[in-house]
Amino acid sequence: MSGNWGCRFKISLFGESHGPAIGVVIDGLPPGFVPDWDGVRAEMARRAPGTGPLATPRGESDEWEVLSGLFEGAATGAPLCAVIRNTDARSQDYVRGVMRPGHADMTAFIKYGGYADYRGGGHFSGRLTAPIVFAGALARQILRGDGIRIGARILSVRGVRDIDAAPEDILAASGRELPVCSAGRGELMRAEIEAARARGDSVGGIVECVALGVPPGWGEPFFRSLESAAAEMMFSIPAVKGVEFGDGFALSDKLGSESNDEMYMRGGQVAYKTNHGGGVAGGISNGQPIVLRVAVKPTPTISKRQTTVDIRSGETVEHSFTGRHDPCVAPRAVPVVEAGLALCLLDLKKERSI
Amino acid sequence: MSGNWGCRFKISLFGESHGPAIGVVIDGLPPGFVPDWDGVRAEMARRAPGTGPLATPRGESDEWEVLSGLFEGAATGAPLCAVIRNTDARSQDYVRGVMRPGHADMTAFIKYGGYADYRGGGHFSGRLTAPIVFAGALARQILRGDGIRIGARILSVRGVRDIDAAPEDILAASGRELPVCSAGRGELMRAEIEAARARGDSVGGIVECVALGVPPGWGEPFFRSLESAAAEMMFSIPAVKGVEFGDGFALSDKLGSESNDEMYMRGGQVAYKTNHGGGVAGGISNGQPIVLRVAVKPTPTISKRQTTVDIRSGETVEHSFTGRHDPCVAPRAVPVVEAGLALCLLDLKKERSI
Amino acid sequence: MSGNWGCRFKISLFGESHGPAIGVVIDGLPPGFVPDWDGVRAEMARRAPGTGPLATPRGESDEWEVLSGLFEGAATGAPLCAVIRNTDARSQDYVRGVMRPGHADMTAFIKYGGYADYRGGGHFSGRLTAPIVFAGALARQILRGDGIRIGARILSVRGVRDIDAAPEDILAASGRELPVCSAGRGELMRAEIEAARARGDSVGGIVECVALGVPPGWGEPFFRSLESAAAEMMFSIPAVKGVEFGDGFALSDKLGSESNDEMYMRGGQVAYKTNHGGGVAGGISNGQPIVLRVAVKPTPTISKRQTTVDIRSGETVEHSFTGRHDPCVAPRAVPVVEAGLALCLLDLKKERSI
Amino acid sequence: MSGNWGCRFKISLFGESHGPAIGVVIDGLPPGFVPDWDGVRAEMARRAPGTGPLATPRGESDEWEVLSGLFEGAATGAPLCAVIRNTDARSQDYVRGVMRPGHADMTAFIKYGGYADYRGGGHFSGRLTAPIVFAGALARQILRGDGIRIGARILSVRGVRDIDAAPEDILAASGRELPVCSAGRGELMRAEIEAARARGDSVGGIVECVALGVPPGWGEPFFRSLESAAAEMMFSIPAVKGVEFGDGFALSDKLGSESNDEMYMRGGQVAYKTNHGGGVAGGISNGQPIVLRVAVKPTPTISKRQTTVDIRSGETVEHSFTGRHDPCVAPRAVPVVEAGLALCLLDLKKERSI
């Protein structure tokens, strides 16, 4: 696997969906930093399974134990290890040998020679995003001290698109039970998700994430560009198949004169007329809101009958996969995308301080 | 900057557009490897400026000198350094202090405190993709020994979209002067580009890249997923604002049953009915063609009058930027995207060989 | 801190001496690898406190829990996290504010602004070598499959030097309760250690480590030389102040003709007349036994009265430090040095497989 | 190879002794930094061949060309690439196939399958220390702004040992033609070297290096300890076989009460009575002078007849190696050790600034 991430603010993920525990080692918390554990708990709850009608009924509490890196309530400067026990795993739902289409079952089988823990996707499970959210929650608490606020919303689900919204409105939406700007569109999305679930199917969606207050100058040209770092992180989140910044793919249809963000002086400061670039130019933050969008594919595990292979018998089979899965990944991906962006920004912030 | 890239097959980029030279140090060529220099030259020519009506008239020969890592024609196992001299830089075209909208001028000014070489974008210049193409050309020669072939085409330019095409057809198109599958669509693209140039403007586009013959099992779950590694590289290419794999953003509108790639046994082998995932599942190649798309924004430097700031006077100004720039980055991005993917695949291949 | 180590076979250490637990995340175990847990237990026991008259009376059981990376007894290919609970910490022995001479108390105070866990040295504690031994035990099991055997002995303690010995004899000695080749010299060492303890003092020593069966070709010239990698690891072990390979510092007194290892053909193979280089030439293993020596300083925490500062009062004080400490680090350093070398060799082996 | 080094201040080495050039890419120079090129030239001259009776007669000028990273005399913030041409290589001195004892010829042959450039040791050559000195010269100019001064001397040559000296005296000695504190001992060393040369032999030595003014708090516990980082660098220097800090190996013979550096308050500051630890405790600088010693073995290439193998014929042969080699590496190692320590300190300084 490749659970190690970060240059300055480092995380090391571990765990499998149905093993004893999942967790993360975090290296780079400033000594003396006092985590707001209620804040962490709130972030974890947003991602936790079983917390809404759109979510998987798996009832993990996602409560964690901190094994190191804290003393008298404050970060010591040494690595913080947090462990989350797996308490509600129903392994009997998983059929050994029958490869779920769209999932990592087949590639895991090839890569790990059949030794990967097949139950619940093992270490490919979306459950490993819990430690990302945990680490990201700490990262955003640190970033808040720099005046940085991060939020995301569901931009679309199977053709239903939320209204256009300013970054501040996206921030406001991010805390809602269904994080959308238009409650009406949200209901339509909910209906799509419910309809898919009723059919034993699933749907995809797009998550839009913003970061306000990022100072200009974060990120490096070329291989540590803000976009490179953030995209590397986003594509690590299971089910993500596309990432774009600012106007993204839509820029491919535009003229330069429609795409460039013109500048002017306002009160002695450089200001921008537009933000087509999503707050990044030359890989470096320009002081405008960071805007990125992440496409998540429909949950691959569905109960609808599919053709696949049974690797034990070597035969083509038809199979209906049971188990407790979200019919749409997008709602629970919202806090994960936010956490991922927080981790990237903190890592790049530290880089900049050189 | 952050010119170092790679875990197993490493490159270290250097150079500024109008400095003495640009170049790359490549670490990881197998000892005994004999580069096909004509092949490298062909790749370099595809990216070189001044080689077509759609390109910048800058006439760099992009001829290189190898300073190390070769002995009697073969790679020694030590790092290979290649240097490309800058011979046709017209620095007088660049106006110090007037920040080009959409370019890295302003963020570079902030990040480097005014010390960055402003001429031609300095080390933010698209010219630094030349060493990427150079290194990528060597990487793809090595990958060819594994039966891997890589090619890309222009999928769209300002609303004009090439026809749908199979990976093999994209490979075939990649070698054309205008790399498209439909010559007719290509002429329409060319007309869009010419029209933009005539108006002192520029256009964006999408590049679609495929890799055939990648064995299953390359890439790691999470932070070194094939998608994470490739996206990190792609977003390092100047002007790239979006990256997607397989059906990408379109998957957000789909059902799971429409998105999953069903499997069946064919001649004792696992085969796939579709390739919505772009050859990657769980971050790992599955043996199908790798398919990715890269959105490039319109060239930011345009001669059309724009509002911007003059950092010396601290005033808002109107400016028309002269200089020799491509009216569309997409054609020259084609070999860069291919090279970038080659570098990623070779790096992941080596990772896998553990 | 910097608990992350390794390029191919990676470990991530965490924990503080008197916190809830210490542990390690190991990334790079080959899928399907079945750990010999009795073997791991034996290695852990060699390092464990309270297991001999020369050791600290702290009675940690050093029993671990594996949280991930195992399924049905075999490595899955995902990171393995092992946690060792701290059960016998007597924090009242540690006086806040009074800086132990020779220890990291003062530098930790400066670096971490007073937030580091001062009890038992926090994350500077020799206790963090337990997870190194754990990971090293797994590494040497893998290396055994390559025919590699690793062992170490106490070469000297406060002027008492063990007899010269061939690598095979050092291997044999490494398993003894007091790992020396000459039982007589061992008794003299024991007497020195006991005498120091009786005086409330401590003594230093030298550990000599060998690895037999390392194939030629492991290690890289320059920054990943076998010597660089091993020395980086050895100097991470608390109390180590010197590292040498082969004849080491003694080579500084020699002629080239006395130092070079002459070669000759024997049975169609290249053989060496001597091993002054300790099995490494140009940073690369040459097929001879790897030989290195590690100097450990006397345990800094002693009950003998010393002058130091109390950082709370800002005054010079005289202090006698109580607590349970080994009067000599060398015996327990033996398995740690072996484990460290095993980790390096496995990491370099994997590097080589490219 | 492994020419990449550094976490924050990065260098990437390239080149072979008898290839077109050697050089280095340096990433991390602060934008606006104006190199003192005379200072760099002076450092390069100290290491250059052919500059004294004790040195090889090879007459490389070691003049460099900067290809990038500079604009109007100041660092741009982008990587600086410097190239040093090889102008005086006499390849006919090197006999293909006859393996020099004590050199990397044999391990290189195995590792690189016979493709390594055998002439002059290829990329194993001591000549690659020239770019280390170049990069180190820039690093120490930056460190000087922090009040850090670095110097080294020859402590011993084949049994002749320089007098004990305070760090300030070592600094003073480092600039001398023969960098020793006692001119008389220096003459004895010179006599040893000359005698060895006259016999077609060579001698080893010890270099002692100090850094004054390093603030407390640099370095990390465990794998990025100041000692780990410095030792990794030192063992990358060809011919180095031992490294120790402070009293080093001598501590193995001491009591704790003789080894601990007692502290006391002096003028409101913590002061130390001694410096047995060489300025490092727990891997972190404590504000005292950094003191380290590096053992270099005798130059392996000697004209004295030796037994070795001819890899082409597969036979044992007797051979006298000609060529222009230093009879003692120590004098020219002095500036290399200083440069290496400067690189480490700057890298750790930047790490700390997080």
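We call the chains A, B, C and D, going by the order they appear; numbering starts again at 1 in every chain.
Definition applied: contacts are C-beta pairs under 8 Å (C-beta built on N, C-alpha and C of every residue); 3 or more make two chains touch, one makes a residue touch a chain.
Here the structure is a predicted model, which is why all the values come from computation and not from measurement.
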Pair sharing more residue contacts (C-beta pairs) when A-C is set against C-D: C-D
Chain of greatest Cα-centre distance to chain B: C
For chain A paired with chain D, centre-to-centre distance based on mean C-alpha positions, whole Å: 46
Interchain centroid distance [CA atoms averaged], chain A/chain C, Å: 39
Centroid distance [mean C-alpha coordinates] between chain D and chain C, Å: 26
Sequence positions of chain C contacting 2 or more other chains: 1-4, 13, 78, 111, 123, 221
Interfacial residue positions of chain A with respect to chain C in the complex: 1-4, 10, 12-16, 19-23, 25, 27, 31-32, 65-71, 74-81, 83, 111-117, 122-123
For the chain A and chain B complex, residues of the former touching the latter: 1-5, 13, 99-104, 106-108, 110-111, 123-124, 128, 156-159, 196, 201-206, 216-217, 220-225, 227-229, 231-236, 238, 240-249, 251-265, 268, 270, 273, 276-278, 281-286, 295-302, 304, 306-309, 311, 314-316, 330, 352
